[in-house]
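Consider the two complexes below, in which subunit A is the common component and subunit B and subunit C are the respective partners.
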Partner chain A sequence: MSERINIKGMWWKGLGVVLFLYVIVGGMMIPLKPGILSIQPGNAVNGDTVKLEVTGYNTHFLSGGDLRTWLKLDSSHFIQAFQIQATGETMCKATFAIPSSMASYTGVQPLTLILDNEVDGYSIQPNAIFLAINDSLSTGEGWDSSIDEPLHAMGQIRFPYRNILHETIRNTFFHIALWFAMFLLLLAGLWHAVMYLRQGLPQQDIQSAAYHKVAILFGLLGIATGSVWAKFTWNTFWTTDVKLNMTAVAMLIYLAYLILRNTIADEDKRARVSAGYSIFAFIALIPLVFVIPRLTDSLHPGNGGNPALGGEDLDNTLRLFFYPSILALTLLGNWMATLLIRYEKIREKMFYHS
Partner chain B sequence: MKYHSKFRKFASLTGAFLAICPSLMAQQTDFLRSTGKIYSVVAVIAIVFIGIAFFLYRLDYKLTKLENQIKNEQ
Partner chain C sequence: MQFTNIQSILQKELAIEFRQKFAVGGVFLFSATVVFLLYKTFNNISPREWVLLLWIIMLFTGLQAVVKSFLQEKQETWMYYYSLFDATSLLVAKLLYNLLFLIIVFLFTVLCLAIFSGFPVRDITLFSVGSGMGLLGLSVIFTFVSVMAASERASSILMSVLSLPLTLPVLLLLIKVTTVSTGLLADTAVYDDVVLLAGINSILLGSTFLLFPYVWRS
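For the complex of A and B:
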């Protein structure tokens, strides 16, 4: 009746473990690119001479070679610091003479800070300083139209430095990969549910239920890890973000699947009802998680008009660990599901024999 | 009866943990935010590990029950 367990079929379990180890070790060891942590003071008036105190992260202001910095108003208005003094590897003071003429700008304008040296490459901090503009001339005098010398690029493999995220960008390998693995496991569960409805073998119901249970566990872990990540980036465990709430609804639909299974005593009926319900739940999951969050604004990248999984949020160095992590978690989830399946098969066999 | 006392122990432990959680969190927040918030990544990995360990514990518990059932039948 039941298949024999093949020892040679172990390879994918080992692969899952090795890949997950690779993700944890590599994902934690590779440093972030240098970046700018803070800039003081945060505002100035046109015509001022401002001394900015810049705090860097993973930077080499002292040992990194020639340090240069610019403030950028727009793509054709730059000023270079006339004096820059590094007081430590992560601390420097840059003095700018901000021109009194502000082209055609009025009101308050944000300036971007650009910092460059040979070792660290360039770092960019948008909204570094807010400029209050008083009675400006519209000539644009005193600004450079471009950065004359080329900027350096960081050559080593480093994870991107993102404001607010900082080191938590590494959660991409765990939080996001968990959701991807959950989705793949739900697909496996759906597949077995459909196969049960077509062929009606009891083991297909067991397989479907096991994949769903592991996927639901991964989903709950995804919510918990996301909550911790949100606490340290958005400063709250739970926001009214549309993706959070819609995912919570999707998880509740799937939790109802577990309750449904427990309430039906008759095995054939339970198998048929839960297979049908799992198809409904999957169809509900697609708009809840993939469609609705994209229609409105969301804090999650890839929603509300943001490019999905691209740019600095997922560059090639992150992909080096992100895709293996999805594979590793899917393989581990599959392992967990097969353990559950084996347990349920033994139990079923016992009930049939007794 | 046995299950009942186990559950009460679990509930009281959980309750105690939840009670000290806020003060622990307040102390730990600064630590978790240090060095570019790297420790929040550690917390995330720990949650994933705890989740998988919980799954293993549940399966272990269920298997033990099954083993006892088999033993009783023989």
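For the complex of A and C:
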């Protein structure tokens, strides 16, 4: 027994582990950009002088240098706070004198709050307060037509701060990357199934089954991570969202594949039938996961008119971890599949020798 | 693929069906009993429930009907077929037979439901086109899965485990289309769903034709 271990052929395993560690460490350690957590009170009337209590997140109101804030009605109507007082690193009080003349606006208008200092750069909170407009003059007096001083930009690498998502934006590296990796592994399983039907080598059946098993594991993990994420953002573990339910159906189809493999005793027949079923299942999966959710409304990005990946939700700092995470998970999945394949081969060898 | 072959298999299936009346009778009795049971428990069935019940009854009766057609064949019969026909003609014949059978069961179930609890469909064209598409999809899935499940010990369990998740996309669209046809939902884009259903059907049909010759040889 002097089988040499081929170290050179294992570089991809190391790469997978290193990349995944990089994603876990980097993805968890890098802080979010400063943002605005809440603003009190939430409404005002034109002509008022309002004192807003702003709670920030990851902000440096005290130590961040010159703090300035504006309320924005539209791209040519701004007012700057005439008084601003920081009471803590994440707390400040800004006082605005809202003009009584409201240009041509009537009814209730949302105002956007813009906050800026040297360290944190600027942060923006849309719909910060709602302004009820009582009989206003249409002159537009008292508003600035633009912000005259330049805003600061954040220099360091930070993840974007998004309302609702907050810190859970890091789940992008796990939840979404798991789905991508699962899909790639399913493709590998499909490829081996097709090759089995064409060539009929028993090892191709073992490979196909192994890739499918790992893909199913990744799919279940994808559902689990998504469910936890949904609890935080949509306040429920499971919603009526199409994409969720269609993936659940897809998972059921693939779990049926596992049952199929366990039911058929004859190896040759099992291989042929499960290869046929897996190809059929993959074809049935395409309309489920890729067509139907795009036609109906969905809470997920990229469906029902929401922006997909590559919109403002996936900025360059996230990409720095998102793409490596897909690669890492695919490599790790491939590693798991090769372990399963080796296990099956050894089991078969022992079975035939005894 | 030869039409005479297809014809002779179809004739043989029909002949067996008429000789073994208990099997067909069982399927129809099942559907009628379920309809009656539901009528007695619900008393008054709203259009939405009507559609839902129709398709759930169809799902299970269809499953029973198709399971019977492939599973009744013995190992020796398969060998005999294998020496006589190519795979495609056998598939086409079985598919046509199953579709025909499902359509008859469907009409029977609709009739029963109509007698007991009214006929809420407003848009007959949409209803029949949608149901036709759906039945085609169901028969393709059932036929393909029953080939795989055939000649296994626990075949009827395997059959339902494999086919029920696969039918879900077809069934979900189908229920939506037929609900629209009862006038409950106003949906101007409902014909998009019908087209989607047709698309799914053609994908399933195509893959069945591709895969059947491989899966069948056992």
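Note that in this section the second predicted complex is superposed on the first by the 340 of 354 C-alpha atoms of A that agree within 3 Å, B and C clash if a C-alpha of one lies under 4 Å from a C-alpha of the other, contacts with A are read in each partner's own complex, and residues count from 1 in each chain.
To be clear about the criterion, a residue touches a chain if its C-beta (ideal position, glycine included) is under 8 Å from a C-beta of that chain, and two chains touch if they have at least 3 such contacts.
Just so it is clear, the model here is predicted, and its values are computed rather than measured.
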Please determine, from the superposition on subunit A, whether subunit B and subunit C clash or fit. fit
Which superposed partner A:R319 touches (first subunit B, second subunit C, both, neither): neither
Touch check for A:A224: first (subunit B), second (subunit C), both, or neither? first
Which superposed partner A:L288 touches (first subunit B, second subunit C, both, neither): second
Applying the touch criterion given at the start, work out whether A:F280 contacts subunit B, subunit C, both or neither, answering first, second, both or neither. second
At the Cα centre of subunit A, what angle separates the centres of subunit B and subunit C, to the nearest 10 degrees? 70
Of the two partner chains, subunit B (first) and subunit C (second), which one does A:R170 touch, if any: first, second, both, or neither? first
Just subunit B (first), just subunit C (second), both, or neither: which does A:V249 touch? second
Report for A:I346: first if it touches subunit B alone, second if subunit C alone, otherwise both or neither. first
Quick one: smallest Cα-Cα gap between subunit B and subunit C in the superposed arrangement, Å? 23
Could you pull out which residues of subunit A sit against subunit B in one structure and against subunit C in the other? none
Given the complex with subunit B, which residues does subunit A contribute to the contact? 24, 28, 32, 57, 166-168, 170-171, 174-175, 178, 214, 217-218, 220-221, 224-225, 228-229, 231-233, 332, 336, 339-340, 343, 346-347, 350, 354
For the complex, give me every residue of subunit C touching subunit A. 144-145, 148, 152, 154, 158, 161-162, 165-166, 168-169, 173, 192, 196, 199-200, 203-204, 207-208, 211, 214-215, 217-218
In their complex, what parts of subunit A are in touch with subunit C? 197, 246, 249, 252-253, 255-256, 259-260, 263-264, 269, 272-273, 275-277, 279-281, 283-284, 286-288, 291-292, 295
For the subunit B and subunit A complex, residues of the former touching the latter: 32-33, 35-38, 40-41, 43-45, 47-48, 51-52, 54-55, 59, 62-63, 66, 69-70, 73
